[in-house]
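Take a look at the structures below.
Both complexes below contain subunit A, partnered by subunit B and then by subunit C.
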Partner chain A sequence: MSDAPDTHGATAARYFIDESGLRALTAELLAAGTEVVAPVATDVCQSPSAIASSACLLPGVAPVDIDYKLLGDAAELDLSRGLPQLSLKQFFLPEHEALCRWHQRGIVTTIEEVPTSFAPRLVLAAKPCDAAALAVVDQVMNWDYQDELWNGRREATTVFNLACPVIDDSCFCTAVASAPDDTKGADGLLTPVEGGYLVEATTDKGRAFVEGHKARFTSVDGAPAAESRERQAADERAAARVRVAANLEIDPASVRDWIDTHFEDPLLATLAVRCNGCGACTSVCPTCHCFDIVDEEEGVGHGTRRRCWDTCQASTFTLHASGHNPRDDQHVRYRQRINHKYSIYPLKFGEVLCTGCGRCTRVCHAGQDIVEILAAIDVAARHPEPVDSGAEAVKP
Partner chain B sequence: MNIYHPQLAAVTEVTDETVDTRTLRLEFTDEAVREGFTFQAGQFGEYSVFGAGESTFCIASAPTRKGYIECSFKAVGKVTTALREVNIGDTVGFRGPYGNSFPVDDWKGKDVLFVAGGIGLAPVRCVIWNVLDRRDEFGDVTIVYGARSVGDLVYKRELEEWGSRSDVKIVTTVDPGGQTDDWKGEVGYVTPVVEATAPKADNAVAVLCGPPIVVKLTLPVLEKLGFADDAIFTTLENRMKCGLGKCGRCNIGSVYVCKDGPVFTAAQMKELPPEF
Partner chain C sequence: MNELREIAGKLLADGDVRVIIGWEHARRGARPVFITQPDEADKLIFDRRCVHNLATYLNPRRDQVSELGKIGLVIKGCDAKAVAGLLREAQMDRTDVVLIGVKCGGVLEENELPEALALTPDNVAPRCYGCDNREPTLVDFLVGESQPEPPRPIMTIDERVAALEGQPLEERWAFWTEQFSKCVRCYACRQVCPLCVCERCVVDKTQPQWIEASSHPRGNFSWNVTRAIHLAGRCVDCGECERFCPVGIPLTLVNRKLQHIVGERFGYKVSDDPESPAPIGDYRLDDQQEFIK
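Entry: the complex of A and B
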């Protein structure tokens, strides 16, 4: 895992790197065998929701699907891209991964362990909401039992964010304790400035990375020539914060407590009305981490036990063998998702299980809009009198 | 070795409890694991047949019986059907023990009432043997066990064994119509039997487990008898995958059955949101 980040400013080591320097650094890393992950254009844009969002309609950018991918060549690097369709989650909790392998020969069974240490990897130009999600999910992955597979990938990976210009109206990172220039979960931050990027290394891992590739970076600490660049970076970051804050402002603590005390409030059922349980929101979510464990036979007497992404929106998620299902209706399953993110997780771990990326809204074909939903809960939470006459607290 | 890595165990005994319920005795293949394995009454594990997957059940044997563990299951799904196919000498996987336990040590000197319905006797059986193996430490031991029919009663040999002991009071009952010609137990639901046989509530605890209807109907009876909410213990089950608080499916509101449970008092259950 990344060590605790410093606050921005005094203790963060600051450098400058230009476009060609960044490309050369990427080439150097790839040549040395370090895997580099960055957002790249993967295909001509097929997804209506991605077209609807401005993710692939940034000015001057052809409409294409964007995804975080392992780079094969430094030439693929293009930091002008918008929000990748899937979050960074896939590089830490893969869509499916081996937990162990079994071999049976006659009556003898053996279990083969899977490695829990991984090759070094750099994530370049991570969205701050995606990196922040890593630090949030760290909590559950280390709740008493340590998930070595998650932790192993976290330790092997260095993450540098790219300050986000804010994508569209579905972004709300500032409403859930993050920001478009957050470094939570990351080891550093790149901010576009004239001619290149201002680079801040905010953790020991981030500083060690820059130190290890010193020749590519110019230190800006105390360099008067860099002042205008820093001012430019600070101005743009401040403007982005203002832009995203205009989308949604809530009090997460009131939302948390309201949900906790209004389990059966009709408002929660009303807010779920359009959801038809496809589970796309949980797939694209950077913090949704629920999984299934299944055995996959790969021949006679051997196979792999895997964990795979699962979704709380499927009725089979909680279905008992007896046929009883504690979450037997879609609005109840939607309530679970809202409850888990904005109440259960904050109560257990002190953090909201959401970083405001807005992907669930953009991907939803039924039009569930998390910004509207949180705003409605926030209104209910701020008003001591029930908003709906039928709304009554379950618990006093 | 990551936290999802199972231990191997050999099946050493197979007992058919009913037409579809079976008990397996398992001994860990690795000697160090076999010798070092400990658990507490009420804890559960993830049992697996390689190729079919993992399934969650309580450990049905008592922690006071060393060298093996037992599980009882009804063959209803993919994994339990595969588990029913295994024979003596076959190898299965086990992860655990997980979850909290019944606070048996706190019950010293008290009367203990066990109420179970159907296969709900499996987790209770673990506590019964745990208490009987330390018989001197407890007051009266009363067992009320009900099933739909005589054929649905599990652990029949042990019901007889408990019935033959002078230091155990046991009443078995089957639903009306479920009796056979030679049935010597009661006919009717467990609730009137509990009312008639329960020890005085002022120095007693009750352990209750069974289908939701048994739990739902018995709780008011125990309350009427004067059992306090924190003297009534039950064990909940929910679908689980990891057993470790990660996979995110067993929670009831903010309570994770796998980590905060599976053992809850009636007082704790009343605090839970109505989603189980």
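Entry: the complex of A and C
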């Protein structure tokens, strides 16, 4: 799994597309009725929000929010490679969605099912960490039941990643078996090269997509600029991998086993003193997939059953009807988050429930830092004795 | 800083408190720190990155903090107003906490910075402008030198509120529709709020369900309006709700507007005097009541 980014390139079908070609392709897809999801940069000062944004008074500064959105126009496609605020999961597990609708008349209740098949959709320029999360979450969505809504959207969607230059020092995809040029969970990868993008289709779906829009792509094999483009792409991707690897290096297997056997260890049991239990980390997380199911009455005798994102960081998440709460303080709730991601899920499904996007750390202004926490657990797991005790002893 | 560390170390060594809650410098900048050993008091810092309102940790329902024992809390003037709010609403006794006040010349908008930048109109926390409590009085100790006034931000919160109010209804509706549509209902705003201390939040109630949990426009408007109104006359303007919002909803604008309304109708301004009653817990014969029909 961890070596996939190094090997997939050799077997993938490879093409080139220039930027205007990519935008023309996007326009063509939209015109044909295909939904396209991609990063969109919103200039805050051009939106209704500008009315009260002081940042819009600053000369030379254009505050921009990047979000994955359904494109209305090909020109909206943002290829700047910044990090969208929320991950891609909202397009597979929406913040809220109807599961069914009910109508009650007298003693007769009728249930209206929701469709579980979806129109074809392309995700363009996905972050590799966000796409990898889809493959990780596929496992639990097909474990003790088949989640028809998740699977329906997965089947209808083709995902092309855009190789990531690494956002900042809170990125750690390479520490959790992913990479800034990973294609896990995706059907292909775009890497910026001079004049455009090197395109690799890594799955049948990806290859079929390129075949279906052949006119827009140039085959790389035998093309005059091929070699230099290939080299440029390889260099760019290797450099990004080195950059992100410097942020955090852990042994996920040691971390997994240590957590499994150290449930009451103070390192795990007192992690969360500064944590506000707000759940922002789980909202922005590409792999957190827990949901709550609620019935919303929309009038007398009819309503909608919905599922909504939920968070293990809220005390109500585990509150029993009896009033008992097995996870009754924030330390225990935070340990659950760490345990689930780095031990329970890997033990059950063989994959870490984290792709190293770092969003949890960035949104936490209280300073819960997953990079720091994983580094500490890794030290406990691999170097249980203090490594600098010798150095202390020889100090003059 | 030495004064702060000395006081903190002594309080711990003498057993007057079991934990000092202040700020430290960490990998990504300043963040809250919980010190239980006197020799760790040197970790404490106070500079312009110490944005957090640590009074939120006084909430008696934060089991992971209250189980540590008596708290010594480092507070800025704005944070002191939140402590006063908790005292006013009988969430704690004054003797439950030792308050170490710091003289403050304003803070940055962001705490995640490698160093404490000098304050400028574009990096200062807008709420610091016109602050009336830069040297808190609700304290057991007051440390540091007197600080100059913070700079005026490029646009003050009042100016932003006024800009919004100057718009026609449809524009304001478009503004808040856009803002609230971003809400993912994580409730970070509630969790971090020092005054959101309810045993069970109305939004978590399911029998009946007063506020829909879904993040559709109906649910999001219900939640955000309810949150704001429950803080009317209680909000201390610390801005933590807005700062912790993962999708950047400008909650400060709602909070400030409500402060204006409470000020105009009840002549109330939030302070760090716990004896000054807030309108929500006070009844006067001349209270305006024309809205009761």
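Rule of thumb we're sticking to: the second predicted complex is superposed on the first by the 350 of 396 C-alpha atoms of A that agree within 3 Å, B and C clash if a C-alpha of one lies under 4 Å from a C-alpha of the other, contacts with A are read in each partner's own complex, and residues count from 1 in each chain.
Basically, a residue touches a chain if its C-beta (ideal position, glycine included) is under 8 Å from a C-beta of that chain, and two chains touch if they have at least 3 such contacts.
This structure is a prediction, so every number in the text was calculated from the model and none was measured.
K.L.:
Is A:Ala234 in contact with subunit B, with subunit C, with both, or with neither (first, second, both, neither)?
P.N.:
In the superposition, A:Ala234 touches no partner, neither subunit B nor subunit C.
K.L.:
Name the contact category of A:Asp292: first (subunit B only), second (subunit C only), both, or neither.
P.N.:
Both partners.
K.L.:
After superposition on the shared chain, which partner residues are touched by A:Leu79: those of subunit B (first), subunit C (second), both, or neither?
P.N.:
neither
K.L.:
Please work out whether A:Ser322 is in contact with subunit B alone, subunit C alone, both, or neither, and reply first, second, both or neither.
P.N.:
A:Ser322 contacts subunit B only, not subunit C.
K.L.:
Once the structures are superposed on A, label A:Ala177 by its partner contacts, choosing first (subunit B), second (subunit C), both or neither.
P.N.:
In the superposed model, A:Ala177 contacts neither subunit B nor subunit C.
K.L.:
So, does A:Gln146 touch the first partner subunit B, the second partner subunit C, both, or neither?
P.N.:
First partner only.
K.L.:
Which holds for A:Cys100: it touches subunit B only (first), subunit C only (second), both, or neither?
P.N.:
After superposing on A, A:Cys100 lies in contact with subunit B but is clear of subunit C.
K.L.:
For A:Leu30, is the partner it touches subunit B (first), subunit C (second), both, or none of the two (neither)?
P.N.:
After superposing on A, A:Leu30 lies clear of both subunit B and subunit C.
K.L.:
Considering only touches as defined above, state whether A:His331 meets subunit B (first), subunit C (second), both or neither.
P.N.:
Touch partner of A:His331: subunit C, not subunit B.
K.L.:
Taking the two structures together, which residues of subunit A meet both subunit B and subunit C?
P.N.:
Of subunit A, residues 292, 294 contact subunit B in one complex and subunit C in the other.
K.L.:
If you look only at subunit B, which of its residues touch subunit A in the complex?
P.N.:
Touch residues, subunit B against subunit A: 1-6, 8, 48, 50-54, 74, 76-77, 80, 89-91, 93, 211-212, 237-239, 241-242, 244-249, 251-254, 259, 273-276.
K.L.:
So in the complex, the part of subunit A that touches subunit C is made up of which residues?
P.N.:
47-49, 51-55, 57-58, 61, 65, 85-86, 95-96, 169-170, 270, 272-280, 282-284, 292, 294, 296, 306, 308-309, 311, 314, 316, 328-331, 361, 363, 365-367, 369, 371-372
K.L.:
Along subunit A, where are the residues that touch subunit B in the complex?
P.N.:
99-100, 102, 104, 107-109, 111, 113-114, 116, 140-141, 143-149, 260, 263-264, 289-295, 297, 303, 305, 307, 310, 312, 317-322, 324, 326-327, 332, 339-340, 343-344, 347-348, 394
K.L.:
In the complex formed with subunit A, which residues of subunit C make contact?
P.N.:
Residue list for subunit C touching subunit A: 26-29, 31-34, 51-52, 56, 62-65, 67-68, 111-112, 122, 126, 153-155, 159-161, 163-164, 167, 171, 174-175, 177-179, 184-188, 190-192, 204, 206, 209, 212-216, 219, 243-248, 250, 253.
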